[in-house]
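There are two complexes below, and they share chain A, which is joined by chain B in the first and by chain C in the second.
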Partner chain A sequence: MLCFITFLIASVLFIAHSIKYELSLTIDALPELTLQNLQAGRHQNISLEHLDALLDIHGVSKVIPRVWGFYYFDNAGVNFSVMGIDAFDHQSKEHLEKLVAQFDFERFVSTPSMVVGEGVLRVLKENYYKDYFNFITHEGRFEKVSLAGVFDAKTSLESNDMIFMPQKNVRTILGMRDDEATDILLRVANKDEIPTILGKIKALYPSSRIITKEAMRVSYQSLFDYKSGVFLALFLASLVTFLLIVFDRASGLSSEEKREVGILKAVGWQTNDILREKFYEAGIISLGAFVCAIILALFFVYTLQAPLLRDIFTGYSILKPTFALPFVLDTQTLCVIFFLSVPIYIAAILVPSWKIATLDADEVMR
Partner chain B sequence: MIKRSTYFITAFVSLIALAGFQITLLKKTHADHAPIKRAFVAFSSLPDLAIANEALFVRFRSYADTFSLFSNGPELLEFAPSTFTYHHGHTHNPSRIERAR
Partner chain C sequence: MIELQNVTKRFNAGAKNAFCAIDSISFHVQKGEVVLLKGASGSGKSTLLSLIAALSKPSSGEIIVEGKRISKLPDHFAALFRREKIGIIFQKFNLIPTLSVYENIIVPLIPMGLSEKEMRHRAQSLLQRFDMEDKHETLIKNLSGGEQQRVVICRALINNPTILLCDEPTANLDATLSEAFVGMMRSLKAEGKTILIATHDTLFFDLDFIDQSIELKKGLLV
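Moving on to the complex of A and B:
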C-alpha cells in the first residue's frame, strides 16, 4: 500500500515536472510583448493602423501583426489552431524547411497549401481527407487547401493541433479583413525598457491588453505550483490517503506486534534494542517501497506514457498529442517524495513501538 | 538467518541497481529535442502546449483573460463557484442567475 501511494504521488509529480520543463524550454523563444484589443471585455481583432504608432515608440525593435485563430471542424468535433504566415518571407521558408520533413515550398507558395501537425493529419485521414482539406469559410463557401507537409514528430506537444498557411488564406477562412490582425507582437531589444514601453502602449490604447513574457512565465509557474491547479488536487488526494495509512499505523500496534515486543523484552532485549530493530525494519520497508515506487513511476510515466493519468491532463479534447514527455530527473522532486514517505512512516512505526517497549514484558503480553 | 539476510541485502542492492539502470536507459532513449522545439515556438510565436484544446481559453491559457469563459456563455460561470455542486433544487439553493431574476 505504501508503495502504491508513493508511486501515485511520484507519477503525478513527474508528469507535472516534465510538462513544466517542456514549457520553460520554449518560453525564451516567445515575443517580449503581445498586444491584444479588448472591446466590452472580449478579445477583438486589432487594426493595422496601430503599427506605425507602435513602431514610433522608442525601444520597440520590431512589430509583427499576427493572423491566427481557431477553426472548428464539425465532423470530428475538434478545434484546429490556424496560423497565417508570410509565405514569401525568407525566414519563414528556413523555419519550415527545418521543422517539416519533405517540405514542398514551391507547392506551398503556388497553390493554397498548409503545413499541419500530426494530430491534424490523423483527424483528416480519419475523415477521408488524404492530401487536401475543404475549409468552410466565414461566408459559408468552401476553400480547398492542399497539404504541403507535416511538422516533425518531435514537436508534437507544441504542434499537434496546428495548421500553418499563407496569411491571405487564413483571412479568407476566418473572415478577417486585410486591415486587421488578431494581435500584434512587439520585439524589444532591451528587456529593462519593457515596463516603460508597456506604460506608453497603455496610454496610447487604454482598451488594449498587453501580455509580457514575464507574465506568461508567472502563469506557467502558478499553473504547476503546489498551490493551484489539478496537480494540487491529485497531490492532496494522494497525500491524504498516505497520511491515513500512517495514522492507522501510528494509532497503535496490533496484538501480534505487542506480543512480539513482549517476548523480546522477556528474553532480555532492552528498549533501545527493540527500537533499533523496529527502526531498521521500518527503514527497510519504507526505503524498499520508495525505490520500487520510483522505478514503477518512471516506467509508467516515461515508457508507458501514463495511460490513465494523462487523461486528467488532456481533458476531454479529441485531438490529443502523443504524451511523449521529456525525461527530467529532478532531485528536488525525489527529495520531496522521499521526505514525505520514509521519515513519516518510520516515525509512525517507532512512536507506538516506543510506547509499548517502555512497559514491562508481562504487562505487554497480558 | 544470515542466509536470509544475504538474500535480502542482495535483493535491495539489485533494486537500487535496477533504478540506476532505468535512469541511464531513459536518459539515452529520451533524446533532447529542445532545439527543434525552441525553433518551432520561435516560428509560431504561440505559447502553451497542445495538450488540451477543447476551448480557446484552455488551449491558449496564457492569452485567456477573466472574461474568456464568460464570452462562451454566462451560465458557464456556474462551474467556478460551488453553487453548481451543492445545487439540490432551485427552491433550496438558487444559482446566482436565478436569484438575479
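Moving on to the complex of A and C:
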C-alpha cells in the first residue's frame, strides 16, 4: 500500500514536471512582444504599413508579421490553427527542416502545400484525405492544398492542431488582404528596454494591444495551473490516503506488535534498542517502497507514457496530442517524494513503538 | 541471592476495580536453590515472578537480587539487569512467530553487540543440548508445543543467566513432555542455576530437587 501510494504521488509529480518543462521550453521560444490591432475591443488584422515605424524604434531588433487564424472543419467538428509561412523567413525554414522529416522548403513555399500536426493528420485521414485537403475559402471556393509533411511527434503538445502553409494560401483561405497581418512579433535584444519600447509603441498606436512575453508566460501558466489543479486534487487524494494509513499506524500498534515489544523488553532489550530496531525495520520498508515506487513511476510515466493520467493534462479532445513526455528528473522532486513518504512512515512506526516501549513489559504483555 | 521484604503489588490503585495481587510478602532464596511457587490461578504467582524479573515495580516493599535493589530500578537499568541475570520461561512461550528458531534464540543477544559467530556458537550449543539442531531454520509457528518450549528454554539460557524464572512451564505440555521438562530443570540445578518455578501442576510438588516450596493464596503467603 505504501509503495502504491508513493507510486501515485511520484507519477503525478513526474507528469506535472514533465509538462511544465515542455511548456517552459515553449515559453522561452516566444518573442518579447506581440502587437495586435484592436477595434471596439476586438482583435483585428493589423496593417503592414506599421512595420517600418516599428523597426525604427530603438531597441527593436526584428519585426515579424504573422498571418494566422483558425479553420473550422465541419465534418469533424474541430478547429485547426492555420499558420502562414513567409517564403523568405530563414528561421522558419530551419525550424521546419528540423521538425519535419524529408522536408523540401523551396517546394513547400512555391506550391499550395501544408505541414500538419499529428492530430490534424489523424482527423484528415479519418475523413479520407490522405495526400491533400480541400479548404473552403472565405469566398466559398475550394483551395486544394497538398500534404508536404507531418511534424515530429515530440512537438505534438504544441503542433498537434497546427497547419503550416505558405502565407499566400493562408490569406486566400482566411480572406486576408496582402497588406495586412494577424499580428506582429517584435524581438528585443535588451530586456531592460522593454518598458520604454512598450511606451513608444503605445504612443504610436494607441488602439493597439501589446502582449509581453511575461504576460504570455502568465497566461500559459494559468492554463497549466488550471489543469495541474486537477492533478493537485489527485495528488492530495493520494496524500490524504497515505496520511490516513500513517495515522492508523501512529494511533497504535496491533496486539501482535505490542506483544513483540513486550517480549523484547522481557528478554533484556532497552527502549533505545527497541526504537533502533523499529527504526531500521521502518527505514528498510519505507526506503524499499520509495525505491520501488520511483522505479515504477519512471517506467509508468516515461516508458508507458502515463496512460489515463496524462489525459488529464493533455485533454480528451478529438485532437488529443500524442507527444512523448520529456524525461525530467530533478533532485527537488525526488526530495519532495522522499520526505512525503520515508520520514513520515518511520515516524508513524516509531511514535507508537516508543509509547509502548516506555511501559512496563509486564503491562505490555498482559 | 533473592530477597523479598514486605513486597506488595496493587493494580488500578484508586480505581473501582483496584485489587492487591501481592500482599506484604517476604522470603529469601539462596544461590542454586530451586524454589516452587505454588497456588491456584490468580493467587499472584506470575505477578511475583514479574516483580523479581523487574518486568514491573512493586507498589511497596523491597526486592534485592544479588545485593542489588531492583524494586525501583529505572527502566533502562531494569532491562540491563534482565539481560545479565535473568532467563524467563513464559507460560504462553512468548516467542516471535515470524522469526525462525535460531532468530528467536539469539534475540536477547542482539543488543549486546556480539559477533554473528559468537551468537551462532552459543545458539548451536543450546540447540544441540536440547535436541533442536535440525529445527534451527524452522519458523516458530511450525513447531509443536514441546518444541516451542525447548526454544523458550534455549532463549532463556542464551545469555547464561544466574536466575531462571519459570511461569507455569508445563501448562501447555502433555505428561511426557512435562517429565522431560522436569529432567531439564534437574540438570540446570546441577549447573548451579537458581530456579523459581511458579506452577499449580502437582508433578512438581514431590520432586527431590526442590529446595523450598512457597504457597500463595490470594496474594498472601500461606
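Quick note on the criterion: the second predicted complex is superposed on the first by the 295 of 366 C-alpha atoms of A that agree within 3 Å, B and C clash if a C-alpha of one lies under 4 Å from a C-alpha of the other, contacts with A are read in each partner's own complex, and residues count from 1 in each chain.
Note that a contact is a pair of C-beta atoms (placed from the backbone, for glycine too) under 8 Å apart; a residue touches a chain by one contact, two chains touch by 3 or more.
Everything numeric here is computed off the predicted structure, so don't read it as measured data.
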Touching partner for A:260 - first (chain B), second (chain C), both, neither: second
Partner contacting more residues of chain A (chain B vs chain C): B
Touching partner for A:352 - first (chain B), second (chain C), both, neither: neither
Partner chain in contact with A:273 - chain B first, chain C second, else both or neither: second
First (chain B), second (chain C), both or neither touched by A:41: first
Touching partner for A:298 - first (chain B), second (chain C), both, neither: first
Doubly contacted residues of chain A, that is, touched by chain B and again by chain C: none
In the complex, chain B residues that touch chain A: 8, 12, 15-16, 18-19, 22-23, 26-27, 29-30, 32-34, 36-56, 58-63, 65, 67-68, 70-71
Residues of chain A that touch chain B when the two form their complex: 19, 22-23, 25-31, 34, 36, 38, 41-43, 64, 66, 68, 70, 78-79, 81, 83, 92, 95-96, 98-99, 117, 119, 151-152, 154-162, 164, 185, 209, 211, 215-216, 219-220, 223, 284, 287-288, 291-292, 294-295, 298-299, 302-303, 313-317, 319-321, 326-327, 329
Sites on chain C touched by chain A in the complex: 47, 50, 53, 55-57, 75-76, 79-80, 82-84, 86, 88, 90, 94-96, 107-108, 110-111, 155, 159
Chain C partner contacts - residues on chain A that touch it in the complex: 259-260, 262-271, 273, 277, 358, 360-363, 365
